[in-house]
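After this come two complexes, each holding subunit A, first together with subunit B and then together with subunit C.
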Partner chain A sequence: MAQREFRIQRGSGDDAHLETYTTDVGEGMVVLDAVHQIQAESAPDLACRWNCKAGKCGSCSAEVNGMPKLMCMTRLEDLPEDQPVTIEPIRAFPLMRDLVTDVSWNFRVKEKIKPFAPRKPDNEDGSWNMQQDDVERVQEFRKCIECFLCQDVCHVLRDHHLHDEFYGPRFYVYSAALEMHPLDTENRLEQLKDDGNIGYCNITKCCTKVCPEHITITDNAIIPLKERIVDEYYDPITKLFKMFKPKK
Partner chain B sequence: MTRTPIQLPQQRQFGETSRLGAWWLQPLLVFLGLGAFIVYSTWAAFQGAYYASGPYLSPMYSPLIWEGAGQATSGHNWLGHWPDWLPAAVVGLPITPAFLILWAPGGFRFTCYYYRGAYYKAFWADPISCAVGEPRKSYWGERKFPLILQNIHRYFFYVAALFIVILTYDALVAMWFPPEGMTYAQAHEAHALEFGFGIGTLVLIVNPVLLGLYTFGCHSFRHIIGGHKDCVTKAPAGKKAYECVSCLNKRHMLYAWMSLFWVGFTDFYVRMCAMGYWTDLRIF
Partner chain C sequence: MSDYQTHEYDVIVIGAGGAGLRAAIEASAAGVRVGLICKSLLGKAHTVMAEGGMAASLANVDNRDNWQVHFADTMRGGQYLNNWRMAELHAQEAPDRVRELEAWGAVFDRTKQGRILQRNFGGHAYPRLAHVGDRTGLEMIRTLQDHGIHQGINVHMEVTVIELLKDGDRVCGAFAYEREHGRFHVFKAGAIVMATGGIGRAFKITSNSWEYTGDGHALAYHAGAELMDMEFIQFHPTGMVWPPSVKGILVTEGVRGEGGILTNSEGKRFMFEEIPPLYQGSCAEDPEEGWRYVTGDKEARRPPELLTRDHVARKIVKEVKAGRGSPHGGVFLNIAWISEKLGAKSEEHIKKKLPSMYHQFKELAGVDITKQPMEVGPTTHYVMGGIRVDGDSQMSTVPGLFAAGECAAGLHGANRLGGNSLSDLVVFGKRAGEYAAKWAKDNPAGSINNDQVEAVAKWALAPFDRGESGENPFKIQSDLQNMMQDKVGIVREDKELGEAVEGLGEFWKRAEKAGSDVNRDYNPGWHTAMDLKNLLTVSEASARSAHIRTESRGAHTRLDFPDKSDEQAKVNTIIRKAPDGSMQVEQVNRAAIREDLQKIIDENK
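Let's turn to the complex of A and B:
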């Protein structure tokens, strides 16, 4: 078995620092395995959040060699072998201790978004008719596991700390899933523009790059929402057109 | 607004990151690629000459509304010679036919969602690369003036779509050559052009094809053609059209670069032929 060196962030507040550990690694091991092994061998008090070890619960988010990743889905053999593996907590949220951050801000944002408001049922038994083709587009957004890696990498939160004004990519995906849903009747564009300030997003696509569910966040959720906002607020011709269109 | 103060880790310095490897390579390549194109196209636009060679017209000068000031007729202009009421230079800098039209494709690319993301990174370092520290603390994004103006992208799309028609026409024109002993302008005037095919024709055909792949994969077009509907099956042009545009849109970055390169190369090809450095090979 080969040995590998890990530099793991420990502590909290001003005391946060990188500590070096060495442990045996074998074929097929992921970063989370190594963290567990280090916990067992030399650092029983190392705090780390995880749950499913299958890339589906979204709790093991961290920064591995500087990139936001799920620890349970990052194989050690995919990381450069001649360098130690650096594991740090995500940076866009307050650090609690070691690798654990407080991501509750995200849940507060989610509560603000206007909920799903389906139209009246199409049938007497309270059901709706929908075409598969029409719901397909929002299905992609529903793959989200709320790992918040996209929130972490987004420079609006990560570097500019605009948490009070900006919802972040995860919640534009969430809003897009509602906004583009064939049954939904709510309009969230004003909210996204003025409260969620989607205009802060400068489409640099880092969120798309890190999403473990491969959701095309920028191209399929954010840009289409931006375009809908253009329809409503910035495009005089579409506005005029809409004024004369008979209301449904 | 309720403010919930949260204690965040210290902001990183410019370029600070735990990322390994050459994270700076991609922004550098974008910087060099876009930079080279901007320099070349600006230079070419200032020339005001050698923009046409026989049936070939440089895409940077098309549509050729008026012939360049002081230039003999190329046979490609729409309205004749440079008009007297239009100054041929302002503060010593020449005004050429290219400047009358380049704002359109220029504006289209400048406001393109792909290019925006790319040049915010490569030219403005905001962020220079994902998960790398930034040079400035302040940030407005596209929420305020001036970047809020990027929202006019769809209007540039309308014009760009028109340019595809014009450049396709140029590709067709590139198949009609003057007979021996006549200049293109003379043969054009005398309706004596003959069908033919040269390497230049090929270059001028590839140009609108690549530009079309880029232009019709535009995010705004994707929105217009069906994306604005919650039920894409009820899209005005049908679901197929929406899917078609989405398919081009997936490769928007690739087509953006290919078409950018090809526009530059097409101008260069025509220019080299017009200056007599290169001889255009006739296939038939």
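Let's turn to the complex of A and C:
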């Protein structure tokens, strides 16, 4: 069995540093397997998050060779063999320890966004009729596994640290799923404009590139939301039309 | 005096999967203070991994479906060991719980008429599983989470409960540590709902995550609650077998529901060879009829790949043992073949219906399932056994302690039908939340016993006393998993079960010597050392229960007793902690089934 070298960020605060480990690697192994193996062999206190090991829960986000990745879906065979594998925690959030960061900010942002508010049921049993075509877009957004990799790469959070003013791509996707939900009656545009400052997004599309669920975050969620905001708040002619047209 | 922070609630819910979230929402709606505790972040519980769907007789796809048929299917699937009251309530209430999810924002796949679409699954007579592609669990947990965060529930994430606190007979709180800094917390509570999920980590090959160390089962057991039917562990027939690092990861039954077939190395569809007596006459004659069934022909009968999981898993083991397996010790599961029927659009169809399976195989195994067959074999998946509860209220045998979801026993009997878990979570999660809130209102709060708190705090820190000189907890865990896989696995016999019970005695001793190093900050080695107690408790309960059930029924297969026994059809296995601390296991007669329910079963035979 071949051996490979791993450089894993350890520690917390000012003490955070890269440490080198060597372990056996076999066919098909993913980065998370290597982390577990190192944990079991030589570093039982090596902190990392994971649950499903199948790209479904979004727990194991990290930066592998500097790229935001799910550790459980990153095969070692796909990483250059002539150099060690570097594993670091995601950077847009405060470090707790080793590979674990404090992502609680994300949960607080979500709580601020106005919840789903459906129209009255269509049928007596309390259910609704929706066509598959009409729910497809929302289903794309609802694939999100909350890995926060998109938040990690967004420069507004990562470099400018505007966590207090900006919701981040994950929560524009979340908002878009609500706004475009065929049953929803709420309006979140003002909130997205003034509290979520979606305007700070300058459509770099970095978020879309890293999404492991292949959600087209920018084109399908952020841009349409921005357009709706323009329509509602800045375009006088549309505004006039709106007065005669029902919402949605 | 040890250091800890105290929190006070009327109801605490331990576990934030489908069952826990639904319980917390219900308890909160009853106007009591609710605390929700989970080991991972919110939204990451096992429920997120569920794929195929959620069973409910909505009758949107086949109008012959109704709760009676769902009830009869569940009982038959469980080989009549189910708690019939739970099976009744489950079948009756599941449709409302599905519609409720829609009202909270869930977006299920649709029929042409715009209703919730339902798919076929093993053991269900009609297309019954509401679903969203193959990520139904994600839809459920996210819906409950996004609704739940606006209901005034206090969530404690990455906090692990290690003991239930008692006042006399009843529970009055829980002792926990937080992952981040390893600090202790005491939760005072009027009533407690356990919703901690399963025990799959007791086995080497499993579809389950690190969380599934049987905590809820073990905590309840040590607090005096009875467990039931712990010999019934579901080995899902289709887990990945290659590459080695992904061995055990689930391949949803939805693949077979969409027309996937099982073949051996000779290319033979071996499932046609043997149809169990309970299902004679309800199975397709030939592949053609099977295909008509999965494409919605109401006159057709199900293909044998859609028989119950216990049967399919055993058949796969048999093929492999007979030397007709796939290169890596499984058999072939083929969905690509449907191109013969659908032509060029089959690729699109498979990607649409099974998107995460497509990605899982593409990314983890380099296999394109629209073109190539998958290699699959059985994997430890689900535990039917659990905390013994009252069918209506979900209260355990300990006053004030409730249980719902996978950690509770009863609904599934000897074998669970696919899709019946997600519906179980919301039906009984709701009930547990409702009755726990009521119990907390009706009974004065208990008081915490300081000696108990001190004792558990001391126990929790003991691995640090042993430090580096203690044994590596990961090694103990892995050895235990190997032993359980070998001796209490998919086919069992007297000798091996006896050895397992004996071997566990040794493991108990090793667990007491497990050591942890460094400090209490987010330290997985320490967590694993503490988890061993739970893993050993559930392993012992399973091994002992399996040892005394001298028959083969549902998921429990004995080489030395290959047939069903009429005598043991009448009993459930009850496990409790004896006053001397040892584990007592006995078979107890079941309550006679209500006549009207028996009639429904007979009419649906």
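The criterion applied here is as follows: the second predicted complex is superposed on the first by the 243 of 248 C-alpha atoms of A that agree within 3 Å, B and C clash if a C-alpha of one lies under 4 Å from a C-alpha of the other, contacts with A are read in each partner's own complex, and residues count from 1 in each chain.
Keep in mind that, in the parts below, contacts are C-beta pairs under 8 Å (C-beta built on N, C-alpha and C of every residue); 3 or more make two chains touch, one makes a residue touch a chain.
Since we're looking at a predicted model, the values are computed, not measured.
Residue contacts after overlaying the shared chain place A:Cys57 against subunit C, while subunit B stays out of touching range. Look at A:Gln131: by the touch rule set out above, it reaches both subunit B and subunit C. Within the superposed three-chain model, A:Cys206 lies in touch with subunit B and out of touch with subunit C [touch as defined at top].
Once the two complexes are laid over each other on the shared chain, residue contacts for A:Met96 go to subunit C alone; subunit B is not touched. Of the two partner chains placed by superposition, only subunit B is touched by A:Tyr234; subunit C is not.
Using the contact criterion defined above for the overlaid structures, shared-chain residue A:His181 touches subunit B and also reaches subunit C. When the two complexes are overlaid on their common chain A, residue A:Glu146 makes contact with subunit C while staying clear of subunit B. The interface of subunit A with subunit B overlaps its interface with subunit C at residues 102, 131, 181.
Residues of subunit A touching subunit C in their complex: 12, 26-30, 33, 39-40, 44-59, 73, 75, 96-98, 100, 102-104, 107, 110-111, 115-116, 118, 121, 125-132, 135, 138-139, 142-146, 178, 181.
The part of subunit B that touches subunit A in the complex is made up of residues 1, 3-4, 6-9, 11-12, 17-21, 113, 116-117, 120-121, 126-127, 130-131, 133-134, 137, 139-144, 147-148, 151-154, 219-220, 222-223, 227-228, 230-233, 239, 249-250. Within the complex, the subunit A residues that touch subunit B are 16, 63, 65-68, 80, 83, 86, 88, 91-95, 102, 105, 108, 131, 133-134, 137, 153, 155-156, 158-165, 179-182, 184, 197, 199-206, 209-210, 218-219, 223-224, 226-228, 230-231, 234-235.
Of all residues in subunit C, those touching subunit A in their complex are 40-46, 48-49, 95-96, 99-100, 102-105, 107, 109-110, 113-117, 132-133, 135, 137-139, 142, 146-147, 149-150, 157, 180, 209-211, 242-246, 249-250, 356, 359-360, 363-365, 472-475, 478, 516-519, 521-526, 528.
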